[in-house]
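Please find the structures below.
Both complexes shown next keep chain A, but they swap its partner, so chain B is in the first and chain C is in the second.
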Partner chain A sequence: MSCNTSVIRVQASSVEQTQRVPVHLMPCEIEHNGTARVSQYLTATTKDCKHEKTVSFRGRGLRGQEISCPQGYTGLVLKEINKLGSDQEDRTVRVSSVFDKLTYWNLETPPNSDDTVVMAMDWPELAEAIHGPVED
Partner chain B sequence: STDSVIDTQKHDCDPAFVRLRNPCTDAASLYMLSSGDVELFEVKAFEEDFHSWFVGQTVQRDGRLLFVTPMDPLYLILPCLIKSGIEGKFQPVDQVVMDEEFPACSRLLSCSRSLASLHHVAEEKEVGTLKFHRYSQEKTMNWLKKKVERTVITLKKRNICVGQGVKSTTYVRVKPQSDYQEEDYLRYAHGLISEYISEDLSKALLRHLELPELTSPKETEPPSKKRKLSDKPVEAGEDYTKFNSADFVRKPSKKMTAAQKSLAKVDKTGMKPMSSFFSPKVKAEK
Partner chain C sequence: MELGPFETDNAVNCRLTSQIPDVCQTEDCCLGIDEAGRGPVLGPMVYGICFCPISKKDKLKELKVADSKTLTETERENLFEKLDGAKSYIGWALQILSPNTISTSMLQRTKYNLNSLSHDTAIGLVQYALDRGVQLKEVFVDTVGPADRYEDKLSKLFPGIKVTVRPKADSLFPIVSAASICAKVARDCAVKGWNFAEDLGEVDTNYGSGYPNDPKTKAWLLKYLDPVFGYPQFVRFSWSTAQTLMDSKGVTVHW
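What follows is the complex of A and B.
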């Protein structure tokens, strides 16, 4: 059950010193949370063409590209501290790393502007239209 | 360095995710209040099936991305005003903007934009130093119409597909922008704004925009073929422990910030006709 009174605090004070990390959005669900040798098995074998990166991952050809976070936005990776405690209690997350660009990968398909994640990056601007102040 | 997430020097507390009543669904959704409650943010999840993250040298199974974007607090204040406005009396807003189920509701009045923009949706009366407000449907319609107009401008500028045809084929941007009619833009923008207001207001707005109601648009577009991308407000049932997915934080102008996140979901349920792109979905909650 969720409790509408609980809040999740974000410890933001540490962001300035937080390390920047490479971030990849993979086209598969990986049923694991934890360490992985990303640079050894993914980054090291990635080929960079003009607007496209290619790599073989578990025998499948992936094609990806790097995209920037929307202007004015920074990517944050949040981690919960102190997972103990019940749902009723307030919780806290901290910023564990930051990124301002990410690489997303498609299975086989070349990256293009109709990729959903690319379109999602339009959201902040659309949100500004919906939520920005209107004139009298 | 990330300029900003939240300038904690300025306020003595951190920003926080809070639950508030979603004005469209009437259920709980996740929002964020900046430190000091100065600014409100919407939290929208973006997610596709079968995605995971690599973050540095780690794998993160949860492939969602949360977008945390500034939100107009008036959308959340409006239902309170409407509710109290039934009696037709002028009332002090701090007695109106509250919700027993969602205690954070009254904090909305601390947002710097709230009091300054109440006149868009309510008549104001000053008695001595006290201010009283009464909901005005007419003002609200004009305010929402301006919202729609702003949104249309951005849709055009960003070249976002708005036509019916777009959704019923695939989500490829084939149609040149010039082929869209003004009505396509209006309807699409109306759909986007409708995610922040009640169904009654949405219908009233449609009339105010002089757009006829579409009878059963669902039949004209097979749901399976709708554009796949949709994000939704994060609902109360979500497990927030999954927060260590990637997030976005807005860097506001030096002073403060917003945090932003995203997680997302592909909409498989019946969405409202126009809301294909970024529509919250009514999720069958666990």
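What follows is the complex of A and C.
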């Protein structure tokens, strides 16, 4: 039995100076790593309604909302510095941009509190309540 | 033709209507239904109804309305002005189905196909006329699908109205020709003046007829393919022409 013991190193030294960017979490897998004309296509056609945003992507109706990262947390967009051949080797990634909020999109379903990403953002506070020191 | 609210938001459907002539609320009326822009991969599909008192059918004939496809664009525009000008006895209403609605309906998880969308739109327009007090007794419909089943469906939905569904009804019944002219003028106007919501700068409007086999349309679709987003909302993503191009030249997306 083998075990993956590789380490991922994050060069996080300059997070403070890194640019903040809008981040979208899409309800599909896009086979593409690279730039995309997000502001020209997605942002330009997004509609802000009362409790949700709507847009379409590749002809599908998406409904979403903006959510914030948990308090005290910063979102990082990471880029690998060298592509390595083997998953046994250590990897180094750098912070290419940071975010403190993101827009997530559901396929046709209105955004709600049961959405995985919403629950994930609640987790740090919940974890603190469960595992934090008990005050008398 | 003024497209009003559709000019400001062409991502959603829009209904445009004339005033209801008083006489249509007191006299028995006939109503024609036709659509424009069913086949094209670009732009909206427009459904039109036109109605007038049965007693005015001969006057309608005098306006020399004919199947919109046999007329030039200018002739159609002139005829629309005449129809719109006959406010004392002719009324019309249009439902513009945005290409974005067509795409998202047809690609919905619970599929909503073009036939159902068409039928529901036609039914909605007849209901609109009834709700506004038009005394409908005869309805004439142009169809591309099987006429018998559609005729039964409409007859059951609107008891007391004699429904006639025929292929090529636009060349058989002047009131359908009139509806087809209204629909076609609106479709041409929407396509010509399309306001791209995407931030694409100056867009080449040399997109031809919008039919998939038109060389100009094909060239435009190749030019405006974005590998990630595919196309602006002007394109019907559910058309196989658009899908084939995205499959071969765009990046793959898994849902």
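One rule holds in what follows: the second predicted complex is superposed on the first by the 116 of 136 C-alpha atoms of A that agree within 3 Å, B and C clash if a C-alpha of one lies under 4 Å from a C-alpha of the other, contacts with A are read in each partner's own complex, and residues count from 1 in each chain.
By definition in this document, a contact is a pair of C-beta atoms (placed from the backbone, for glycine too) under 8 Å apart; a residue touches a chain by one contact, two chains touch by 3 or more.
Just so you know, these numbers come straight off a predicted model, no measurement behind them.
On the shared subunit chain A, the superposed partners chain B and chain C are arranged side by side without overlap. Contacts of A:Y41 after superposition on the shared chain: chain C is touched, whereas chain B is not.
Counting residues of chain A touched by each partner, chain B versus chain C, the larger count belongs to B. When the shared chain is aligned, chain C comes close enough to touch A:R60, but chain B does not. Of the two partner chains, neither chain B nor chain C is touched by A:I81.
Look at A:C49: by the touch rule set out above, it reaches neither chain B nor chain C.
Shared-chain residue A:V7: touches chain B; no touch with chain C. Using the contact criterion defined above for the overlaid structures, shared-chain residue A:E108 touches chain C, although it does not reach chain B. The overlay of the two complexes leaves chain B and chain C separated by a minimum Cα distance of 6 Å. Overlap of the chain B and chain C contact sets on chain A: residues 27-32, 36-37, 39, 42. For chain B in complex with chain A, the touching residues are 1-6, 8, 13-19, 28, 32, 35, 42, 44, 46, 48-61, 63, 65, 67, 69-72, 75, 101-104, 113, 117, 119-120, 143, 146-147, 150-151, 153-155, 158, 160, 171-173, 192-193, 196, 228-229, 231, 236-237, 240-241, 243-252, 257, 259-262, 264, 277-278.
Residues of chain C touching chain A in their complex: 11, 100, 103-104, 106-109, 197-200, 226-230, 232-233, 236-238, 242, 246, 251-255.
Looking at the complex, you find that chain A touches chain B at residues 2, 4-13, 15-19, 21-39, 42, 69-70, 72-80, 83, 91, 93, 95-100, 102, 113-114, 116-117, 119-120, 122-136.
Within the complex formed with chain C, the residues of chain A that make contact are 27-32, 36-37, 39-42, 44-45, 47, 56-61, 107-108.
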